[in-house]
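What follows is a set of structures to go through.
Here come two complexes built around chain A, the first alongside chain B, the second alongside chain C.
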Partner chain A sequence: MPIHEKSLIRPENLSTHDNLTIDGVDVSGDWSTFIKARVVQDYNEDLQDEIAALPGGENIHRCWQCGSCTNACTVNALNPDFNPRLWIYLIRMGFEAELVRDKDIIWQCVSCNKCTSACPRDVVPEGVMKATAHWLELKGYTPKTPSTEFDEIFSNQVIHTGKIEDGAVLLGFFRRTGQSPFQDWVIQMGKQLAMGLPIRMLMRMGLATLFHPRTRGWDRARAAIEEYVEEQEAAHRKALGLGGSSHDPHAPRQAQPIPQAAE
Partner chain B sequence: MADNKYNLIAYYPGCALEGTGSAYNTSTKAVGKALGLGLEEVKNWNCCGAMEVKNIDPKIQTYLSSRVMSIAANEMGHDVVMAPCNGCYHNLKKAEYDLTHDEGSKEVTERLSSKAGHATYQAGQVETIHALDWIKKSIGEDGIKSRVKNSLSGLKVANYYGCMYTRPRHIFPEKDKGPGTESTSAPHFMDDILDAAGADNVDFALKTACCGGAHTLSDSDTSTKLVLNILQAAEESGADVIATECPTCHTGLEMHQIRAEKRFGVKTNVKILYFTQLLGIALGLNPRKVGVHENVSKPMGMLRERRIV
Partner chain C sequence: MTKEVLVVGGGPAGLAASHALSSAGIPVTLVEKTDILGGAPIHSGYAKLVPSGEWAKDAIGGMVKRVEDDPGIKTIKNATVASFDGSPGDFTAKLSNGQEVKAAATILCTGFTHFDSINKPEWGFGLFPDVVTTSQVEQMISSGKGVRRPSNGEKPKRVAILLCVGSRDRQIGREWCSKVCCTVSANMAMEIREELPDCHVYIYYMDIRTFGLYEEFYWNSQEEHKVKYIKARIAEVTSDGDKVIVKGEDTLVKRPITIPFDMVVHAIGMDPNVDNFVLSKTFDVDLHHWGFLKRQNAYGVAGATSRPGVFVAGAAIGPETIDDSIAQGQSAAMSVVGMLHAGATQTAAE
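Let's look at the complex of A and B:
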């Protein structure tokens, strides 16, 4: 059975009868398992185009369904339900409801690029995973995933200051996802790190958290990038047939101001 | 096969090397000094975009990386940029590829560069290399052998390269070109360098496995499982130490080694050191000079046991 037809044999789509005779033939029990007739009426004919309109999804139409991506996939080895090949198929067929069944795991792609390296058709499956995760958020199927929260905190800091300071990203992420920064493994890591370090260095690290490192004269680059990001956001929403407002709860990519610090 | 071209080059440390990966920065500079190689830091550099900005928009990442190369080429007159961080190295390579092959990336880079007020980077202006290429091409194995003062003999090393150094292969056109070049399926530059420094490299199957670095905080359990695979595979192949060449991998291995113990009750003892730290020690540098006191896995005891220090 081809992978894309597996939905037909999900338990809820099968039926057996303890006692059933048709035209004088006894078809009771597992010997005569029936697959319920499937009628798909809710194709989203634009699904492939919607994914292709988001960054990373551009090449999805090139897929031949060879399965190299899933075969190479790091996350698939941990969770067999994580199946890029299947999702690419569902998107190309417009099976939106089937795709959405896996909405809570698609974002877990770790961007190791094994799929993209293995793909003979230059589909860039890694990009398609990111585009699909983004699409699920824009359509309101999932709240912002932890991965998106992290990407935004990180990218906002880069766009604002030109540089990244690990401590600020870490704390910002814990705050936004409601986690305590005082988890056992974080404390242990901090202890082991601090053990070997001279005071001078600990102070330097502390100061970097307070005063973010910055690229000098970054303001013009920042303004140019922000303008570009806004244009792109509007274009993505338009491609998905969503309203122009980027203020609804699922709208990502809104730059959050970062406290200013002396250079 | 030493090449003078790499004796004085532009150096792009990147954000991680000024934060969690500072030992990589210290040891890279110390090794460069010990080998008489000049590194000139890219002036007023910015973040390359790491693993995150591309998820907002890949073309912004291309612009960010292109700015670094533009400064090296147009303001400093360099034609080689060395990035020790796999993420930076990968992004500069990716930008080079996109600016050569994708008209849209080129347009956005031109637009952002001109609005930001600096020269637009033109594909081909610089050659981006990794710290591994730098050592291999400037000094080479023979050069290392002749300079080793403190052989790593007896130290069993698993060389771990991670994802970004070899994947996706199309952005590394210089690799997979036969003898002497790096392989994307079975990379060996770090093996070659540490072998020349006397180390006993072990047969390690997970050289290019993923450590889950992109989701180290946002999906920590997945990352911990992936790191645990790597740590256990290294131990099973008899390694005392995993040599790293990426600050994200290095920190990920250290962090999830602790997390695996706390969360899953699985303890591993393999130590984690940057290849530049091991090389520096082999060249006779004091372990403090290469930042070994910053390593969370506390490798000094093991190094003493193996009579390396």
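Let's look at the complex of A and C:
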């Protein structure tokens, strides 16, 4: 039996017997193909509100499923399973389990915003993708992505010292993502810098790496920023029905069991 | 008190209003900006109209003739209204050609402006000759030349019609639905299939809005004429130098599409008349927040604007069909008749 649009059927929902005879009729192979019914057992009616509560997700309710985002999308061109339009639908309808199935590709959005400029309803799909990736992390479905790790190290440093020191960011990033700081390209870059930059500048860079200078009078600014960041994060966690604080980047997060999609 | 009424704009709405007033014995001055009466269906050379199936030049042409032959209607072409002063029962309009018109009331029937597809560059209009608008295809059909690829004059084998071009789109500040383009496109698809039975016609839609009895056009185009409807909004139209290539997502089956076509047709929408800011100032009437002339209220006096004695009808109010534009022209005329009658009884009583 030819199956039209096989792409819409999850492979696990297809059943075919290589050898099957029913009432003396040989129905081996494709003749015995069945598609198991897909049943929706529950909607998570809060899902849209949860995504809308995260930065970037605010306009998700506007989507009318035209597909402009998906067919403008940079990543979709490489991977047809990367489909912002579909995910927005799943979120709006509350198909949490279906959404989580794609957790390992959702974060691949490259923030090019081609979708954003194509969207006739100004949903800002790029923002929704960001909010969704954030949601997956907060819910514990995915570990923090390398880019989230990078953002955290970067902003923690700015918040802490009022300055940005590239060497420290890079080292911190390698440490947290379990990478060696002695990678070929890093060594190469170090060599080039040493050759190309004046001695005084190199010395200042070295000192900065060691002593983490701060912007003068930064403490008040830091307190205000930290307060704001904490407020925001608490609000996000509350919107998702999560307790506690995730502000300490090293705090262990509750691992979340992946919900089972109805077959 | 003057009894004469000024009608501005000689499209379906203005023609209907003028005829209705004249039938009631009220003298009319009809001011039309161009040198031809008939409005968009005549200026843009529409072919067969929906839902009647009559040729625009016959159907609207008949309305034009009725007005031109009517001694009670004075038509002034190539003119607009430069200033408009006074009060109900006693207005004075100065025209762009220097003429002066006395009027007891006026009905604005100034219609719409076609969306210019150049403003949606990703869909290839102006870049590739085989990307055209519904107006252009209407002209191909009404001129009798038939639907041909502008690039080489050949009969197309595959045509794509893209709906909602210049409508329902925040990116370009046009959030309204243009109301007629779904039905016009379904009808056009059938006309293409009738002329060129070997040509496949695809319609790319977000929603199909063939409202009311127009649903028949949707059904017939699918059932009798095998027009294919695909739920997708197109991302971009490119070209390989010969074919125009349409890229999108078939959202129902979650499949990317990249399909070559011989022709792509934009189902262009109805913009507010580009003159509306000037009209709003000249006649001192409010605009709707999307730029159309604002109708005061739907349930009281038909076609009333924010200024007493100034009425509005047709596509000037918002995207409208010909039938409804005509009905609105007539009902605004009825409002004027009522106003004049009330004024006359008042004067008689004094």
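The working rule: the second predicted complex is superposed on the first by the 206 of 263 C-alpha atoms of A that agree within 3 Å, B and C clash if a C-alpha of one lies under 4 Å from a C-alpha of the other, contacts with A are read in each partner's own complex, and residues count from 1 in each chain.
Just so it is clear, contacts are C-beta pairs under 8 Å (C-beta built on N, C-alpha and C of every residue); 3 or more make two chains touch, one makes a residue touch a chain.
Bear in mind that the values here come from a model prediction, so they are computed numbers and not experimental data.
Engineer: Who does A:Gly162 touch here: chain B (first), chain C (second), both, or neither?
Structural biologist: In the superposition, A:Gly162 contacts chain B only.
Engineer: Of chain B and chain C, which one contacts the greater number of residues in chain A?
Structural biologist: B
Engineer: Output check: A:Leu170 vs chain B and chain C. Expected answer is one of first, second, both, neither. What do you get?
Structural biologist: In the superposed model, A:Leu170 contacts chain B only, not chain C.
Engineer: In the superposed arrangement, which partner chain does A:Asn113 touch: chain B (first), chain C (second), both, or neither?
Structural biologist: Touch status of A:Asn113: first partner only.
Engineer: Looking at A:Tyr141 after the superposition, I want to know if it touches chain B, chain C, both of them or none. Which is it: first, second, both, neither?
Structural biologist: After superposing on A, A:Tyr141 lies clear of both chain B and chain C.
Engineer: Show which residues of chain A both chain B and chain C reach, each in its own complex.
Structural biologist: 117, 122
Engineer: Which bits of chain A are touching chain B when the two form their complex?
Structural biologist: The contact residues of chain A facing chain B are 55-56, 74-75, 78, 108, 110-114, 116-117, 122, 124, 127, 130, 134, 145-152, 154-155, 158-159, 162-167, 170, 173, 177, 184-185, 188-189, 192-193, 195-197, 201, 205, 208, 213, 215-218, 220-221, 223-225, 227-229, 232, 253.
Engineer: Could you pull out which chain A residues touch chain C in their complex?
Structural biologist: Listed in rising order, the residues of chain A that touch chain C are 5, 7-8, 64-68, 70-72, 76-77, 80, 83, 85-86, 117-122.
Engineer: Could you please specify the touching residues of chain B with respect to chain A in the complex?
Structural biologist: Against chain A, chain B makes touches at 15-16, 18-20, 22, 44-47, 49-60, 63-64, 67, 108, 111-112, 115-117, 163-164, 166-170, 184, 209-210, 212-215, 217-219, 222-223, 225-226, 254-255, 258-259, 262-263, 293-298.
Engineer: Within their complex, state which residues of chain C touch chain A.
Structural biologist: 122, 164, 168-171, 206-207, 231-236, 247-251, 253-257
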